[in-house]
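You will see two complexes here that share chain A, one where it goes with chain B and one where it goes with chain C.
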Partner chain A sequence: MAEQRTLRVFRGTRERGELKEYTVAAGEGSVVLDAVHMIQAEHAPDLAVRWNCKAGKCGSCSAEINGKPRLMCMTRMSDYAPDETITVTPMRAFPVIKDLVTDVSWNYEVNKRIPAFQPRKPDAPDGTWRMYQYEVERPQEFRKCIECFLCQDVCHVLRTHEKHQQFMGPAMLVRAAVYEMHPLDDADRREHLRHEGGIGYCNITKCCTEVCPESIQITDNAIIPLKERLVDAKYDPLAALLRKLTG
Partner chain B sequence: MTTSVRDLQERSFGATLRRDAWWIAPALTALVLGSFGIYATWAAWVNRSFEWGPYLSPFYSPLINAGWWPLSPAFLILIFPLGFRATCYYYRKAYYRAFFLDPVACAVGEPRHGYKGETKFPFIIQNIHRYFMYAAVVFIFILAYDVWVATRWPVNGVLPDGSMGTGPTTFGVGIGTIVMAINVVLLSCYTFGCHSLRHLVGGQVDCFSCARGGKARFQTWRGVSALNRHHMLFAWCSLFGVALTDVYIRLCAMGVIHDVRIF
Partner chain C sequence: MPDIRSLDYDVVVIGAGGAGLRAAIEASAQKAKVALVCKSLLGKAHTVMAEGGAAAALGNVFPEDNWRVHFRDTMRGGKMHNNWRMAQIHAQEAPDRINELEAWGALFDRTVDGKINQRPFGGHTYSRLAHVGDRTGLEMIRVLQDKGVHSGIDVHMECTIVKVFVVGGKIAGALGYFRETGRFVLFKSGAIVLATGGIGKAWQITSNSWEYTGDGHALAYEAGAELIDMEFVQFHPTGMVWPPSVRGILVTEGVRGEGGVLKNNEGERFMFRYMPDMFKGDYAETEAESDAWVKGDRKKNRRPPELLTRDVVAKAITKEIAEGRGTEHGGVILDIASKQSPDYIKKKLPSMYHQFKELAHVDITKDPMEIGPTTHYVMGGVKVDAETQESTVPGLYAAGEVGGGMHGANRLGGNSLSDLLVFGRRAGQFAASKRGPAPKIPDSEVERAMHEALAPFDREGENPYAVQSALQAIMQRDAGIIRDKAGLERALQALDTLATRARAVGVTGSREYNPGWHTAIDLQSLLVVSEATARAALERTESRGGHTRSDYPDSDEKQAREQIVIKKEGDRMVVRREAQPPIPAELLALIKEGK
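This part shows the complex of A and B:
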């Protein structure tokens, strides 16, 4: 039987808004996105919400539920006590367009500036390349990214310190790692990561990994290895000496 | 209730819409790391009761005689494991959250608004982590040697003052030997799961099939990665292991407890 549940939802634009309370019926197995759709159907047809697959794969319905960045379609109403009011707000790291919809276009602009995949010269007799599954598995983990940008939202460098001009954020570091660790790629992105990417701003607090709905090990498998590659190039005098000696 | 978007930002310390007990983890971390720091400083400072029979506390290993050094030799030793842990990628997360509150928890307001991360002094120094890792690997071998020494017992038994005396030794294992061995195992699991080591053994290679020794490097990288997945667990277990080993040997040396010789 459907239970009556109360939600507080942000209504407004980037200049002005409020948390409005709604009560809707939530059936067994329903998720927060279902409840938001019920609000649209019964109380507020003009409530703006971005969604698409309702299966945790399109990355559209990112929001903050009781202060935690999450996908609305993957958050069950039963995760919360029946008498608990559930607060749904838009992502904080990006400008609000309306209600729960934010402008995430900044991410795509940052993505465009990452040096593109650059394959090395073909080295197989037939003028192509060979690579093996075991060596391409590392970048394949990052290909699971659904671009929900929850990691960007929770990252305190963007969220609290608003360093959007200096720091590309965890999602874009994952994007860079896809190319950087690819067995066929020949480009060197370390200068880009250091200056435009601002990888030094990341202080490894792992919030990005905690919120990733695809369970990508963002910090351990993408950011730290990229930081270590930068250490090779810039902060390791022994490695520099070795490079000089070996040409 | 009118709330601007700006009001929803976490603009003051601790401000958040989270309703869970987000403060427990950083508070516990601060308590445990702080307690370890105080205990380690005291244990290093006192410069006594660090050996009993064939046992030697990890805080004082290797035994060094530094006449020119006015303080306890433990400080000369501890600088390496301390540096390794202070620059460790896991501990960085732990203490940035617990002590620097930067951030204290995910999606929770911070006390400071000027932020440079690890781009400037002092935190840019974190980039020397691999050098401390080299030292930490050497310490693993030193502590493993201590375990071997802890199996050599005087034939006539340990003297009442806890010293070995002179004379022949024989193989034996006491509770302390096992404690010291467990400590080395935990420290090895922590050290050999280090992110910098993972990078150096194979993480820096993109094309294993093209690199010299690529297959071996891939297997080594995979082994280090397996330990690395539990880096947090081993970081804490090895921290407790070191402290408990020191406590056990100290209590034996002070005569508070008596070591049991198993065989």
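This part shows the complex of A and C:
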């Protein structure tokens, strides 16, 4: 049974915008992204929204629903009381392009600067490696990241203090953690994490972990172990250089 | 010169899923200056949704596996219609491409002795799919993405190509627009690789996203290239059916690979009744044998009939539903809860667990799933040379789903992720090594293409979404899993009317990030691929793989190696039949081995 639901959606650009109210018929099991598509089809064909898979696998449809960072495709309309108005706004930590679409290109720039994966020499004569399931499971958790950037959105260092130039944010720390904890990787990213990545800005409030739609334990499993590595190593740049040269 | 941004490249790759990324990486390795153009953000392409795995005869689980067996499985799965040379190259090169991903940082699941683990899948004789739980595509695209951004490729995100220019019979460049600004960009290049994926958005019930509007197929067609096999569309047997808002979302074949069984509303495991002659003797014949296989005794027992090829399973499900043995919401039952422990299910199929829990409020470790067929993949595509992936237009290449021939009449699960690596690499390699100067594109052609793209702004016409949904309804009803002459003729007539409506759609608002306008442009591609599918389906008077005619229910061996070729001549879509080169005797012997 379709029921009439009211949504307030941000319409506008980074210069100016407003919340506009729309009423749509939400069918059984429908999600917020369905409602936004209905608004497009029936009321506002030029309403800008990003989406791809509609199944929580691509991380495109990130927004804030009643102020909470969420994927629109994984948020059911029935999670809200029938008479409740659902407010959908773009992610706050990134500049608005139009309506619900934000400019997330900064994340791609940050990722590009993370030192690349460098495998150790192959283990077998045929050029392959041996790794065990227990070894790969740790970095596999971080590879579940769908790059929705909701953790970046909620992180107060980025959201409130706008330290985009100094801090890479939880999503990119997870990205670095994949390789740092990769059984085959030989590169050293500690210098990068400490300085350009600004890992010290994270004060472990765990907001990122709470919003992760993939339930990655960002703080406990990625950020804290990375921070510990930096401390434990009593980092010596000369030793690091030697390690690099001698492989 | 029109007042737009213009960029020069050696190679322009259109599409940034697995095939596009792999092509761009290879072209860049050949020292070419490469542009990678993607319709969405980088890393969001359809490859991220691939779940089950990538097929490659690594022999890590079954040492007796090798390229010959993989080739044989692929040809038989494709109902002998495949381009045999592509199937051979694919089977031979897939293991290297998978190992290469590991060298670039991929973290595949492991065997006990530390090698890449491989899981069983429909139509594959041995456990063959390298995988990462049920999110293999995500792993692959992330690895390729990171390799790509460190390879010096220029990535142009949220940029849609609307026209490929051919000057003097050669590729000269492409015109696109950026979604953010609505501004045009001209890519000048003598080599273009199409890697745009499929056409699934032409149907109502689909596992495909908004991007899958057949852009590459249409760009190639408009550029004068030939399309083949467009009648062969894969309807994946298991899509979600309830609630309505999730209808069509994919349920991985991995559920069946891990032991999930199909039942009708009488509780019967009906797949035992649908064994095609070609596969008799290869599959379990009793539930006991099937269960023993699931429990791990794979040497003595044969695999369950749920793991027959996708075309067979989808048709069986359709028949069960049509004959009144379906569920309340028009599906059948897929049950893994009674076959595996909750811990095992959560470990092997985490994203399926999550998807059903969140979207359908179903706990798949306790309760059965309701599933039904969903449009998934097009076997047909741009006709290419098997070695180089070059189309019939010099300088225009196609790789991945947009390329035709490799999968014949039906694709095996897992062969897509390996296809895009093998042929993505080859397309990039040859596009770069054969590159030459780009012919100059006349200004008038660029201006005309821009004018056409902007025309919807000057009209007060119909909403493009209405035309798109009318098209999807036509294709679902008359060009779906089961087709006949009357339905296909009706579809062609309706598409003709829709083409007129599409030419008259209007859009409101500005050029900046305007989905209404994007839909109006994508409609043109959808119309081309829908018409091509319907025309080819009408021409093929037999049933084979992903093409089923109720008025010609049997396969006709005379048509097995005949291909339906589609080409634009003047303003008309011309259809003709062409005989494929015969399969060499030594390969034919491989296919028939053990039969």
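Simple rule for what comes next: the second predicted complex is superposed on the first by the 226 of 247 C-alpha atoms of A that agree within 3 Å, B and C clash if a C-alpha of one lies under 4 Å from a C-alpha of the other, contacts with A are read in each partner's own complex, and residues count from 1 in each chain.
Keep this in mind: a residue touches a chain if its C-beta (ideal position, glycine included) is under 8 Å from a C-beta of that chain, and two chains touch if they have at least 3 such contacts.
Keep in mind it's a predicted model, so treat the numbers as computed, not measured.
In the superposition on chain A, contact of A:92 is made with chain B only, not with chain C. Touch criterion met: A:131 reaches chain B and chain C at once.
Within the superposed three-chain model, A:34 lies in touch with chain C and out of touch with chain B [touch as defined at top].
Judged by the touch definition given at the top, the superposed model places A:140 against chain C, while chain B stays out of reach. Applying the stated contact rule after C-alpha superposition, one finds that A:17 touches chain B and leaves chain C untouched. Once the two complexes are overlaid on the shared chain, A:182 sits against chain B and chain C alike. After overlaying the two complexes on the shared chain, residue contacts for A:201 are found with chain B alone; chain C is out of touch. Looking at chain A, you'll find residues 13, 130-132, 182, 184-185 touch chain B in one structure and chain C in the other. Only residues 13, 27-31, 34, 40-41, 45-60, 74, 76, 97-99, 101, 103-105, 108, 111-112, 116-117, 119, 122, 127-133, 136, 139-140, 143-147, 178-179, 182, 184-185 of chain A touch chain C when the two sit together in their complex. Contact residues on chain B toward chain A in their complex (touch as defined above): 1-5, 8-10, 16-20, 89, 92-93, 96-97, 102-103, 106-107, 109-110, 113, 115-119, 123-124, 127-130, 195-196, 198-199, 203-204, 206-210, 218, 228-229, 231. Interface residues of chain A facing chain B in the complex, by the touch rule stated above, are 10, 12-19, 64, 66-69, 84, 87, 89-90, 92, 96, 123, 130-132, 134-135, 154, 156-157, 159-161, 163, 167, 180-185, 198, 200-207, 210-211, 219-220, 224-225, 227-232, 234-236.
Put simply, chain C touches chain A in their complex at residues 40-46, 48-49, 99, 102-105, 107-110, 112-115, 117, 132-133, 135, 138-139, 142, 146, 149-150, 155, 157, 180, 209-211, 242-246, 249-250, 351, 354-355, 358-360, 463-466, 469, 507-510, 512-517, 519.
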